[in-house]
Amino acid sequence: MSLLELLGLSKQFGGLAAVNNCNLRIEAGEIHALIGPNGAGKTTLINLIAGTLPPSRGQLRFQGENITHLPAHQRVHRGLARTFQITNLFKNYTVRTNLELAVQARAGSSFRFWQPVAQEKHLTEAALAVAEQVGLAGRFERVVGQLSHGEQRQLEVGLALASRPKLLLLDEPMAGLGAEESERMVALIAQLAQHHTILLVEHDMGAVFRLARRISVLVYGQVIASGSPAEIRANPEVHKAYLGDEGGAE
Amino acid sequence: MPPSLFIEQVLNGFQFGLMLFLLAAGLTLVLGIMDTINLAHGSLYMIGAYLTATLVGVTGSFWLAVLGAVLGTALIGMLLELSVLRQLYRRDHLSQVLATFALILIINEVVRMIWGSQPLLLSTPEALSGPVEILPGLYYPAFRLVIIGVGLLVALLLFWLVNRTRVGMWLRAGASNREMAQAMGVPIKPLFTLLFGVGAGLCAIAGAFLGPILAVQIGMGESILILAFVVIVIGGIGSIKGALVGALLVGLVDTAGRAFLPLLLSRVASPEVASNLGPALASILIYLLMAVVLFFRPQGLFPART
Amino acid sequence: MKKLVWLMVFLGLMGFSLALAQPRTVKVGFVSTLSGGGAALGIDVRDGFNLALRHLNNQLGGLPVEVIVADDQQNPDVARQAVDRMLKRDRVDFLTGIIFSNILLAVGDAIFEEKVFYISPNAGPSEYAGEQCNPYFVNVAWQNDNLHEAMGQYVQTRRFENVFLLAPNYPAGRDALTGFKRYFKGRVVAEVYHRLNQLDFSAEIAQIRAARPKAVYAFEPGAMGVNFIKQYAEAGLLREIPLFLPGFSADADVIRAVGRGMVGIYNSSQWTLELNNPINQRFVEDFRKTYNRTPTLYASQGYDAALLLDAAIKAVGGDLSKKDELRKAMLAGFNSTRGPLRFSPNGYPIQNYYLRQVIQQPGGEIVNRQVGTIFTNHRDAYVDRCKLR
Amino acid sequence: MRWIFPTVLLGLLLAFPPIAAAMGLEFYQGLLTKIMIFALAASSLNLILGYGGMVSFGHAAYFGLGAYTVAILMREGVTSGWVIWAVAVGLSALLALLIGAISLRTRGIYFIMITLAFAQMIYYLVVSFKQYGGEDGLRARRPEFGLFELNDTTLYYLTLGVLLAALYLLYRLVHSRFGRVLQAIRENEARALALGYPVFHFQLVAFVLAGALAGLAGVLMAHYTQYASPNLLAWQQSGHLMMMVILGGVGQFWGGVLGALVLSLVEEILQDLTIHWQLGVGLILLFIVLFAPKGLAGLMRRGS
């Protein structure tokens, strides 16, 4: 049984099919990369999986269960966590508060109205552990708006991580990063892969081919190929439709 | 129900709806393009009515007074945009609501200082103060017919302006995507000031023509402002077409409710209950309409933004 | 935060000094509608009241007067706050001025609870005439039903087959139509109540046109009256279906607003410009001179309210603590613009009601002329239910 | 040192009624009662407006409903104060649940307008019942509480007690898990959803709580004026409460209290000075919005 299965998933905006009859399997333990030209529907697909958008047709199965109509927040509790392509954080809060909020979401009910949350030491401890994991322990009390772009991307991953997901949906984690920051992100993802299944949407082909165990190629909302990096590199369809004249991966 | 009564009430609904449209048109463009809530829009309507009443006294001619009031109110509107509203474009809705609420209080008091607390007298022009036989046996006040005519004329002009002119193209571009419009080189700042002036002028027309029917008094803009908001929310923010459809819908529903609900209710309840509940239910009808529209179409009937 | 403490201390001291400074004057709280659609009424009452004070050298019964004026904006809530302030902070001896019955009913209890007299220059709700009558209430105008009773009587004598009734949905509106129907015995085609302060009557006018009644009677005080009559005329109905009105809807202020359309309309009033007594003649003449306009019945009521206070305070020798004597003195009557005016035990006047007609004089001026008398020494319909003696 | 000021203030508030009675200042005792009632209503609005980021333009609905519940129940012969309180708070919460459940599906300007629309509906509905006073409002006699007789002075203490209790509750709430999530939703709704928070439920719970507290404030208002006025339901009342919140400080804990205090005092003082007092109120408000967006609480914090 695959961890996540997309069965004929489609999403239409007006007359336009952003995702069209898409089939995809993600196996437990793998880093599965999703690539495709701009406008291929990658972010829409992530939104469909995360539950931010309802699909027009098709089915989503997670751990064998149908989650097609499950609201977004409940998918998080099932073990689906995402990052955003455009950094999406609590900008006015500290790294600590950001992470504590993420931890709090999975650690017991948040409909508690009386006990001061500041007294819940275990939230802070768990938050600090995540901060260490994503390399932000030294920035723990900083307000997020003051962090560098790279650090914000790291926190983005940290927030997803804090919910202890079974499947991490990373939407272009390398977007806008410099060479050195990208290197740090690749290392971070590689390290996370030891314990998590990851669906990685990424434009940085170098990173994709280094990290991914399997790659799927999305063109015009359809998966035109799926396979190991070597298979994808050799696939003429992919060359034609996507890699085109560039003649291979970077 | 006699057909003449029905026709008369439909005309009443049209007349009211068209005046609402004049208010709603400016409001919907400001809200659609500048994303700014302006509660003081109703105050411009009040200013228009006061200016008309004053200028009738000075010039002796209703039509000259209307012209003067429209120009004067447009000027005041532009000054308001340059001084206060410009500061609010980048602020959140809450700040806009509060700041323009403050403007209502300020303008009300300034008007009170200039014109006093008592309502002003604004008479229907002598030539139009009688009824006209529009169908055999069906008389209708001439002035109200003129209002319907003026409303239709202004609506046509507006559609021409928005759909056929360069300024209109800019406006439509701004309403559907502001950043894009800016990138295309639309002169946003002067456009906003101009737009505000046009909106204020439309308010003044409504004020001038409703003044003789209703009353020229302080606070006259507030109740009608809420209705104008209902109109644009029903119609879809930023859409002139939506404003027209919404305004006519609200005008007809409101009049139909006031006129026919008591009749309908009197069939099922005592006349007193009917005449009691009728007007109240009629007022609720409009808001009910809005809630239902928003529930099924959260962006209104004709959303401008894509 | 420190400033707030100072502010509170300051406020405390302010109140304290107010409490200490109490020379013997008569403090009269005047709460009235001075802005918005009903403002013309309140301003007339106020001007009449002030004219009387001027005639009395700013004294009431020999005591110097201090009048505290507040605008109720025709809003019960605002009125309550103003009255509260006058009763508890300014500690007035008398209150007066309220035009609209719904406003009076909202504040009446608070006034009577403090054992302060309320002299009504206009509002005369039926509530205070019957079981709930109160020793601290006196009305120098008329009980809400009276003018309408008179008009009902007149329409009845003209033998109109049926009539269409229109009034705003508030206590005085219901009182008014009840009063009309008490004396009109024909058929009521329809009795339509609309929202208070409605200004567009197109829906109601269409209803009237469709109902084809023989006559229309409308109780529309304040701005509603001006708008209704204007729109009724513009719809061309004035020529087809005769309109009958209570006196205040055909008074000088309405005539100014509506103009020639008013000519011919019959209406009822407890006071007229032509009443032949020295007080009225002086009032009408000086009012015209001072304010440059023709007085309305509202102005006469404001004038009479001051005269009543003057007479009563004089009768108790300026001792305002003698509440029982004050009340007796007030009910005993005084000389008003309507001649000697007497009261029933419920505090409402016993008086004549006249028929007036709007006519155009040869010079072009439009005036409301007294053309007959409908009731003489008329009492209100509720007095028997009042237990006060 | 921090406890000195609150203690002194509380002492002054507790000692005020006897002092007022001795010096003939009952009027100011009434004024303080009114201010405390508005402080409660404004604080409840601040919970959703300030902490929840929900710009509700219909808060008067719950405020007025609370007052009308008192008037109507007393008229219908229910005279127990405790029963009336329970019913009023329950009804306000229920109304907030209904309005919130529909309104919270919309965002931005549409949310502002739909809350306004619902409040207008309540206004016209209440006004249409002639047996309940219509446009004139309805007399609301003071109910029986058994333990004490409700008069101006006991009402003062009762209001003070309710206000303190409510403020304590709100204080605990905004510092609890729930409060933190509520504020996080205000900061970034999409992110809160992606973290796994059922945004709608958090907002709805806060909305209902605020409605219930506003209803309680309305109950106290009816006890104070002994009268339920349609004005309490009017849209201007919603605007008035919003003014207090923004004047005091949006999302600042003392914002509602401070705003109610300052606005009421300013109105009171200006009303005595000039009939054009609303001009002053308008100018002050405009100044605050344009130049001190965090309100008075924000100014004070910056000052100290």
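As written, the chain order gives the labels A, B, C and D, with residue 1 at the start of each chain.
What we mean here is this: contacts are C-beta pairs under 8 Å (C-beta built on N, C-alpha and C of every residue); 3 or more make two chains touch, one makes a residue touch a chain.
Quick caveat, the model's predicted, so the values are computed rather than measured.
When every pair of chains is scored by its C-beta contact pairs, the maximum goes to B-D. Taking the mean of C-alpha positions as each chain's centre, the chain lying farthest from the centre of subunit B is A. Between the CA-based centres of subunit A and subunit C the separation comes to 76 Å, rounded to the whole angstrom.
Centroid to centroid, with C-alpha atoms defining each point, subunit A and subunit B lie 49 Å apart.
Rounded to a whole number, the gap between the C-alpha centres of subunit B and subunit D is 32 angstrom.
Subunit B and subunit C have Cα centroids lying 36 Å from one another. Touching two or more other chains at once are residues 112, 276, 279 of subunit B.
Counting partner chains per residue, subunit A shows two or more touched chains at no residue at all. Looking at subunit C, residues 71, 169, 195 sit in touch with two or more other chains. Of all possible chain pairs, the ones that touch are A-D, B-C, B-D, C-D.
Residues 172-173, 175-181, 184, 187-188, 190-199, 201-202, 205 of subunit D touch subunit A in their complex. Residues of subunit A touching subunit D in their complex: 50, 52, 71-74, 76-77, 81-82, 84, 88-93, 97, 100-102, 104-106, 109-118, 120, 159-160, 163. In the complex of the two chains, the subunit C residues touching subunit B come out as 34-37, 39-40, 43, 71, 169, 190-195, 199-200, 202-203, 206-207, 209-210, 223, 226-227, 230-231, 233-236, 256-257, 259.
Only residues 5, 8-9, 12, 19, 23-28, 30, 130, 134-137, 139, 225-227, 229, 231-232, 261, 265, 275, 300 of subunit D touch subunit C when the two sit together in their complex.
Across the interface of their complex, subunit D is touched by residues 1, 4-5, 7-8, 11-12, 15-16, 19, 71, 75-77, 80, 84-85, 88-89, 102, 105-106, 109-110, 169-171, 195-196 of subunit C.
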